[in-house]
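Two complexes follow with subunit A in common, the first pairing it with subunit B and the second with subunit C.
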Partner chain A sequence: MNIAQILFYLMSFITLTSAIFVASTKNLVRSVFMFFITLLGLAGLYVLSLADFVAITQVVIYVGGILVLILFAFMLSGKETLDAIQKQKNQFISANKAASVILAVLFFVVLILMIFKVDVNNLVWIKKAIGQNSDIKLNSNMTDNIGINLMTRYLLPFEAISILLMMALVGAAHLSRKEQRQ
Partner chain B sequence: MNFYITSFGIGIGLFAFTALFALFAVYAERKVSAFIQDRLGPMETGKFGMLQTLADGLKLIQKELIIPAAADKYLFMLAPAIIFLAVYMGFAAMPWAPGLEPTHMNLGLYYIFAIIAIETLGILMAGWGSNNKYSILGAMRSVAQIISYEIPAGFALISVVMIAQTLNMQEIATQQGILSTESIKFLGFWDVSKIGGFFGWNIFRAPHLIIAFVIYFIASLAESNRAPFDIPEAESELVAGFHTEFTGWRFAFVFFSEYSMMFLVSMISVILFLGAWNTPLPNIGSVHLAAWTTGTAWGIIWIVIKTLSLVGIQMWIRWTLPRLRVDQLMNLCWKVLTPLAFICMLISGVWRLWLM
Partner chain C sequence: MITMNDFLIVSAALFCIGLFMLVSKRNAIQILIGIELMLNAAILNLVAFGKFDRFANGGQMFALFAIVLAAATTAVALAIILNVYRRYKTIDPAKVDKLRD
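Then we have the complex of A and B:
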């Protein structure tokens, strides 16, 4: 086993165990902080697959943005509300959970099927990329590629997303404004 | 095997540097504050009180580590480590001299931006884990402030990146002096690639970057929770903000990271705006001052001098200006700095297209 493989297994282990903890713990705040570890582990996996830009973007967006927002919501809601959630009765098997159990099982089946059906070493699109010499090498520059593609091939989706975000911003500003007296 | 030894060596070296810097900076801060308030400052321990911070450190190591009964034990214990690690990891992408950098990273600047975001999480962890209303208020204030000020800071950085066309810190540094491979133009018209010196610095390559530099400097004060943006630790209102409950070396680590953060943000602004490790002395005719004062050792000297002077200005500001109120703080961020930073970014684009 070389060092990359050891790192891969280490990262996957960290990601999986912390993700299980996030899903199973009753302490909501701790689970959010544990989610941070999951995200870091995922970022490590991205780096191992030569997607460092994705890794850093994930840390910026999830850790710097989304996690902090979730925590803000917790802190503004106060201890009593959180305690009430923790005291909920939690039976392992109950009718309320049927929908989520079915969803989870189906998704698991899909994943397992995919893993068994795919021939990882002979994927068509990877072979094609290597044939065209457009695969990513260890020292190639990825950000240029992403930037050029965003501004040419994917310009329309990019602009559509920016308009969507703009709408969200305007909406948030409108909601948080003081109401005018009439 | 050698690779791992050097990697660990660099890590330990950087750690030792941050620790030494914190020792020095605390002493400097106390002396600067004493000078500004017309006092003497620490005088008892050692000559001119120079051993004072060492003695403080020894005291902090010996102190009992108290965990409040109602605190969330694990979050409380881990928080100082995460706050410190976030700042410490930022140093990994910093170039110190031509060819001397801990890691060669294409995305250096972006990486630093991401790592600093982790610090906010550590602060929230400390505030929540302490289970103390002052701590939580401090943490929330701190995070609200850091998140808001990340926006003008980010746009000020982007306006530099648009001029430099790279996120690699070492390349941004190289572009600002005589070692540059592309031509540098002072204010967009005078080619100074051979002259170097302060003419090649980013703030003089494109004059609107002076505004970007000021924006980034103000935002960096807010990001390291320094006065006049120290509402998270406002002593008169919140005891000590998010680190109220910490004792012993845990408190020392929180303190460490504050001073390392000062050095880190100053170093970022030096690299991006003030010519990084490039000499301020230009080549004048046959007197090749710039060529004589460029090199590994010179690079380290210049970057440390520049960074320390920025840290000095941060201290000067802290002991001169009063604390801002929350609403004033947000007004400054959203109504002044953010629009200005947007304008800087716009000018950068035009400048790059038509003048470079």
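Then we have the complex of A and C:
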């Protein structure tokens, strides 16, 4: 058992326990803060999967951007509603919650069965990639390669996503402006 | 050696936690967090399979695109949630059931 494996189990343990905490806690603000931990653990898992650039992007965009946005909306959407939701949760959610736990567990069992049936480590294209020596090595520098590919092979998706980002920006600004009274 | 199965199992567990949040929560922001968890599970799969593609980088590249898309989705969704709160004074999706006024 080498150190990468130990780190992998540590990271996945952190990720999964904090995700379960996010899903189960009654305190809503605390669940948002716990979501930070989940995202950081996921960034660690990306590093262990030899994708350092994606991990950095995850930290910058998710932890720096999305979470602050979520917290912001949380604070803006009034304290009374949050309290009301919390109170009402205790009374009649339990039946609903049991049903959703059963749904999630059953779906998990289906996914696990499928993963073991597919036998991912012996897929044909993965065998071929290892045979052709085109899997990412521990010392290969991926960031340059990602930059070059972004400007050549994936230029069209890159442009499409830039236009979509601009549309989302304009749309969000339009939606959240103050309404004029006619 | 970390095998592919480990990554896929972690990702499946994350996806199911997200599914649980999506079904059981009564707060639009928590449902949004559930959707983010499911998206992250998908991105973890993309990155894990992207390990076997050193030259084209398909998996990592589309993981990046998915992260950017998630950011755009969240911004628009939060703007919508704030609007709904302003109009209905609640963000429980079960209570937001009128098309107009």
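Note that in this section the second predicted complex is superposed on the first by the 148 of 182 C-alpha atoms of A that agree within 3 Å, B and C clash if a C-alpha of one lies under 4 Å from a C-alpha of the other, contacts with A are read in each partner's own complex, and residues count from 1 in each chain.
Operating definition for what follows: contacts are C-beta pairs under 8 Å (C-beta built on N, C-alpha and C of every residue); 3 or more make two chains touch, one makes a residue touch a chain.
Computed from a predicted model, the values in this text were never measured in an experiment.
J.: Taking subunit A as the common reference, can subunit B and subunit C both be placed on it without clashing, or not? Answer clash or fit.
T.: Fit.
J.: Determine, under the contact definition given at the top, whether A:Leu155 touches first (subunit B), second (subunit C), both, or neither.
T.: So A:Leu155 meets neither subunit B nor subunit C here.
J.: Of the partners subunit B and subunit C, which touch A:Asp135 in the superposed model: first, second, both, neither?
T.: second
J.: Have a look at where A:Val120 lands relative to subunit B and subunit C in the superposition and call it first, second, both or neither.
T.: Touch partner of A:Val120: subunit C, not subunit B.
J.: Of the partners subunit B and subunit C, which touch A:Phe33 in the superposed model: first, second, both, neither?
T.: first
J.: Looking at subunit A, which partner touches more of its residues: subunit C or subunit B?
T.: Touching more residues of subunit A than the other partner does is C.
J.: Is A:Leu10 contacted by the first partner subunit B, the second partner subunit C, both or neither?
T.: After superposition on chain A, A:Leu10 lies in contact with neither partner.
J.: Figure out whether A:Val170 sits in contact with subunit B (first) or subunit C (second), or with both, or with neither.
T.: After superposing on A, A:Val170 lies clear of both subunit B and subunit C.
J.: Just checking: does A:Val63 make contact with subunit B only, subunit C only, both, or neither of them? Give me first, second, both or neither.
T.: A:Val63: touches subunit B, not subunit C.
J.: Tell me the contact category for A:Phe53 with respect to subunit B and subunit C: first, second, both or neither.
T.: both
J.: Can you work out, in whole Å, how close the C-alpha atoms of subunit B and subunit C get once everything is superposed?
T.: Result, nearest C-alpha distance in the overlay: 14 Å.
J.: Quick check on my understanding: which residues of subunit A belong to both its subunit B contact set and its subunit C contact set?
T.: Comparing the two interfaces on subunit A, one with subunit B and one with subunit C, the shared residues are 53, 65, 72, 74, 142.
J.: Show me the residue ranges of subunit C that touch subunit A in the complex, using the header's touch definition.
T.: 1-10, 12-21, 23-24, 26-27, 29-30, 32-34, 36-37, 40, 43-44, 47-48, 50-57, 59-65, 67-76, 78-83, 85, 89-92
J.: Can you list the subunit A residues touching subunit B in their complex?
T.: Per the touch definition, subunit A meets subunit B at residues 29-30, 33, 36, 52-53, 56, 59-60, 63-65, 67-68, 71-72, 74-75, 141-143.
J.: How about subunit A: which of its residues touch subunit C in the complex?
T.: Per the touch definition, subunit A meets subunit C at residues 2, 4-5, 8, 12, 15-16, 19-20, 22-23, 28, 31-32, 35, 38-39, 42, 45-46, 48-51, 53-54, 57-58, 61-62, 65-66, 69-70, 72-74, 76-78, 81-82, 84-85, 88-89, 93, 96-97, 99-101, 103-105, 107-108, 111-112, 115-116, 120-121, 125-126, 129-130, 134-137, 140, 142, 145-146, 149-150, 153-154, 157, 161, 164-165, 168-169, 171-173, 175-176.
J.: What part of subunit B is in contact with subunit A in the complex they form?
T.: 72, 74-75, 106-107, 110-111, 113-115, 117-118, 120-121, 124-125, 127-128, 136, 139-140, 143, 147, 150, 167
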